[in-house]
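Each in structure tokens, the structures are laid out below.
Next come two complexes built around subunit A: one with subunit B, the other with subunit C.
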Partner chain A sequence: MKLTRSVFWIAPMLALIPHLLLNEYYQYLVNLTLVYVLVGVGFNIVVGNLGQLAFSNVAFFGIGAYASGILTTQLSMPWWMTIIPAGLAGALAGCAASIPALRGVRLFYLAIMTLAFGELMRWSYIRTPSLTGGSMGLSVPAPELFGWVMEREHDKFYVFLFIVVVVVIFTNRILESRIGRAFQAIKNDEKAAAAMAIPTSRYFLLAFALSGFIVGVGGAMYTALVGHLSPEAFDLVQLIQQFAIIMVGGLGSLVGSVLGAVLITATPELFRDWPGFEELMFGVVIVLVILLLPRGLSSLLARAHSVFKDRYYRDD
Partner chain B sequence: MMLALLPQLLVSGIAIGMLYALIALSMTILYRATTVVNFGHGDIVMVGAYLLTIFVVNATLPFLPALLASLAVLFVFGYLLHRVFIWPILEGPHLSLAMMAIAIGYALRGLMRLEYGQESVRMPRPFPEKVFFIHDVVITLDEVVFCVVVIVLLLSSYLVFSRTRFGRIVQAMFQTQRGASLVGIDVRLYNNLIWGAGCALGALGGVLLGLILVLDPDAGAWTLLRGFAAMTLGGFGSLHGAVVGGLLIGILEKLLGTYVSTAFIDITCYIVIIVVLLVRPRGLFGQHATLRI
Partner chain C sequence: MALLEVAGATVRFGGLTAVKEVAFEVEAGTVRALIGPNGAGKTTLFRAIAGEERLSGGSIRFQGAAIHDLTPHEIAARGVRRTFQNGGLFGDLTALENILAGLHMRTRSSLWGLLVNSRRAVQAEREATRKARQLLGMMGIGHVADQPARDLSGGQQRMVEIVRALATDPPLLLLDEPAVGLAPPVRTELLGIIRRVVEQQGIAVLLIEHAIEFVMTVSDTIMVLNNGELIAQGTPAQVRENREVLEAYLGR
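Then we have the complex of A and B:
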């Protein structure tokens, strides 16, 4: 069991080794992967652990990214000071997205509603050009950490890796605690959970806010990484990619979120020259995973070695 | 003064609403039969328009045979879609079903882009554009066609549902699949057929849409959300609700777009979805939709 913890330290160490060999572009991809690790971890909390069909993750991501971008451009705050506000903005959006769920909207009703919420947010990025730059996008200065301007991708890497490791460990602790078990109970049977005196609506709110916070922080990192935000980056294509991460990695599994991000993030870059191929491939891969491997690739890893097994994960 | 526009807005709203009603209806049929919400339906609708274009331009078929061919292809596609991808996981979690539909729609979008790349395509027109005037009200020929096609379709599907053996079996399936299987109905076969019919209807909606829209694989999401808005407003699973909802969405888009701000045309359906699900989740004609604990 000691080994389970250490894996969260070993994996980032491994990520350090190729770093020495990479050029700027590959380093950019590695950094992007780190951003999507957070996106996947946050998304998986609501979809995988709480078991709700909520499609609002792209909205959280966009709100976090734009919060960071607007704070740096309008209030000229240094980037590091915008990380927490971006997370809080995401958490606030998460609370808003949980309102329909608290009112008893479930399943595909919730899915449709959160889908509409996400599209509404994208519309508002376009329609508030004074803040967000509208459809032209918002250019953000290079990220700054305590006066240190991170110009190169390698500089950002260390900061991103630190944030990701902290968030993943933090999330692991939460999911292994009674909170995580309450999520699992709600996922398995919400009425039974309520009958066992689990305050379900409180946990709904908590899961959505936590998910929004993590994804919002991911959004702030995304802003620092790309330097230019445009509304198209937060459309339904983005949603499918985020879904692919948690479906391929493994629903409700922290290991799965990380694994999915590592596998999925860089693939669109490979198919840049063939429009349509990327979508076709994502579609087919998700279909195959649902039919053949409903618990994702992390279930294979968990079978191979207990280190990769999530302890809150009921294997039935 | 602004009220003078009202008849015009109602007419164009009803015409586009007919289209939304058709799309919502094709989704409702699938939902009623299998309780699956087809999140890939928007892309299937767009495939209808793309297939027609391919048949007319690449295979140089005349319009009508090309239309029938693309509807037939989509029928077979829907049949196989249910048989191969939906039926095996029908008892599984809702998330898998939703994801399956999304993934298939996404793959279809990729296929459409493989064929045409990023360029936008115009669907070939079966008849030239034409405009009629009735007093101050302008009606395009497209709008007349929308209304005629959808009304004919509604009447004929009413006849099919109430008069034929197939229609009665489908009605039994809509009530309860378990009961239908108990009285000896081959549920899987009829599910396949209903999915085929739903996809073919959606494709017809896509062809009508192609008359007024430049084809774009990404328009699938646009279509899907309008269908959802119509279904939500009318009440999920209600057939006449889908039609009424579609018409109301069409009219509402025009009214909000004119009297409030043009920016509202794009977001009318999102606002309707959010407001209806928060205030009255069962819509106009639907049944219990929320979980109470």
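Then we have the complex of A and C:
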């Protein structure tokens, strides 16, 4: 399994980054990229692998972030204990978001219904100030891991990197298996998938729940990173950014989600010194990638290693 | 008891009766063809057997148990497998992965097992892959195993679809226009494959087909559907001589 094996030498190299970058701000950006890797990995399962135009990703992200924030502020839980509950909250939201799809809603109709779910959640954050701090936002204490308070960005980095590596390895295992093939079969032809005795409804539910879990965990990391949650962070602009990650990275590609997250987070920052130019360049980069690499950045790698999924497919 | 028993099957769409009180049986180890003019209700009847259409009346029993209230994937799981008129291959997946999708039910790797990379899950995935390669090899298309299905030729795609449908050794195979768009030599090859699985493995085949010579050669029994009703059934020779069939179907 090339991907998993490569993780073992990529991860230590990434771990060197904090020592090379002394600037706290750049470290923050690297951490933000790691958050967006999970956002992209989760989003891509539903859009790229299952092939559904479901835009509930920001809802999962917000629910995970607020779940972590509320558990830390209301129940005084240490941050690390909120990671799994945030994932579960996201998974639950994923199950809820799959209801229209399970009832046969597809394409643009599904897109608009799931979009409404995201907006409904944003409205809910504003309307429940006792829990979420409403439009004023919710300030959370510095994240804590087994009693260790992570004050600096460099500290968070190692924890984030660990979570991301674990999630990517697990997701890869699922997507390379019969479960991943069932997702892709559904994307290609739902009727034919059912005719292969694949219980399509169950896989819809599983894909949404899995997506929700991963993005929810990403939300918990986001809470730890920014320390202050406000409803505006989970608006349509956020959705466009998340959608850009998977489009630029490559639909249905795990590696693509990672590359997309890096490019989409880095682009505006590279042009930060030229005000007004960053949004423009953000758009230019997206257009260029889509024009030159219609299948996203992942196609660059696919050319280098023609068979990425050689785990069970070796001809021996 | 026949393998498949269709009794009084009726499918109505609003005021239109697409299939009207159709009754027939399919025995194991035989090929039965369903012919008739366009709009006769052949595909609707097929879809009803596969669970994609609900019966308005009558019953469909498979291996003695009623299946007409089951969902398509439940019917497939019981051993009724089908191919599609316009090719139901998963184009993004390779030929091999298509067969693996056909083996989905037989691949016993659980979500948890896959997550923790358990020996059992890895073994199940490997075993399925080995079997899929072997099946493709047996049909003489082993060399295209790792190509995306959409890049294959029409004939290769049809073969992959049939291998996929047969992967789990289903007792009943439904073929929706298997010969359409195939070159004559490929048709002959397909005919040989169908007769072989029927005679050697005792599989029953129910097929819809317009290519009349193909039907006459491959079938043991032919049924003729016209305006949703069965107007004749019998051996190829009997159907060829039937006056009513000639009038309705061949327009003479």
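Note that in this section the second predicted complex is superposed on the first by the 265 of 316 C-alpha atoms of A that agree within 3 Å, B and C clash if a C-alpha of one lies under 4 Å from a C-alpha of the other, contacts with A are read in each partner's own complex, and residues count from 1 in each chain.
FYI, a contact is a pair of C-beta atoms (placed from the backbone, for glycine too) under 8 Å apart; a residue touches a chain by one contact, two chains touch by 3 or more.
For clarity, every value in this text was computed on a predicted model and none was experimentally measured.
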{"item": "Partner chain in contact with A:I84 - subunit B first, subunit C second, else both or neither", "value": "neither"}
{"item": "Partner chain(s) touched by A:I174 [first = subunit B, second = subunit C, both, neither]", "value": "second"}
{"item": "Partner chain in contact with A:V166 - subunit B first, subunit C second, else both or neither", "value": "neither"}
{"item": "First (subunit B), second (subunit C), both or neither touched by A:I286", "value": "first"}
{"item": "Subunit B versus subunit C as contact partner of A:E278, first or second or both or neither", "value": "first"}
{"item": "Which superposed partner A:D189 touches (first subunit B, second subunit C, both, neither)", "value": "second"}
{"item": "Subunit B versus subunit C as contact partner of A:M136, first or second or both or neither", "value": "neither"}
{"item": "Which of subunit B and subunit C A:L107 touches, first, second, both or neither", "value": "first"}
{"item": "Partner chain in contact with A:L75 - subunit B first, subunit C second, else both or neither", "value": "neither"}
{"item": "Footprint overlap on subunit A, where subunit B in one structure and subunit C in the other make contact", "value": "191, 194, 200"}
{"item": "Residue numbers on subunit C that touch subunit A, as the complex places them", "value": "50, 52, 71-73, 76-77, 81-82, 84, 88-93, 96-97, 100-102, 104-105, 107, 109, 111, 114-115, 117, 121-122, 125-126, 128-129, 133, 145-146, 164, 168"}
{"item": "Interfacial residue positions of subunit B with respect to subunit A in the complex", "value": "37, 39, 85, 88-89, 92-96, 98-100, 102-115, 117-118, 217-218, 221, 225, 228-229, 232, 236, 263, 266-267, 269-271, 273-274, 277-278, 281, 289-293"}
{"item": "Interface residues, subunit A side, partner subunit B - complex", "value": "47, 51, 53, 99-100, 103-109, 111-113, 115-117, 119-120, 123, 127, 190-191, 194, 200, 235-237, 240, 243, 247, 251, 274-284, 286-287, 290-291, 294"}
{"item": "Complex contact set, residues of subunit A against subunit C", "value": "170, 173-174, 177-179, 181-182, 184-185, 187-189, 191-200, 206, 252, 307, 311-313, 315"}
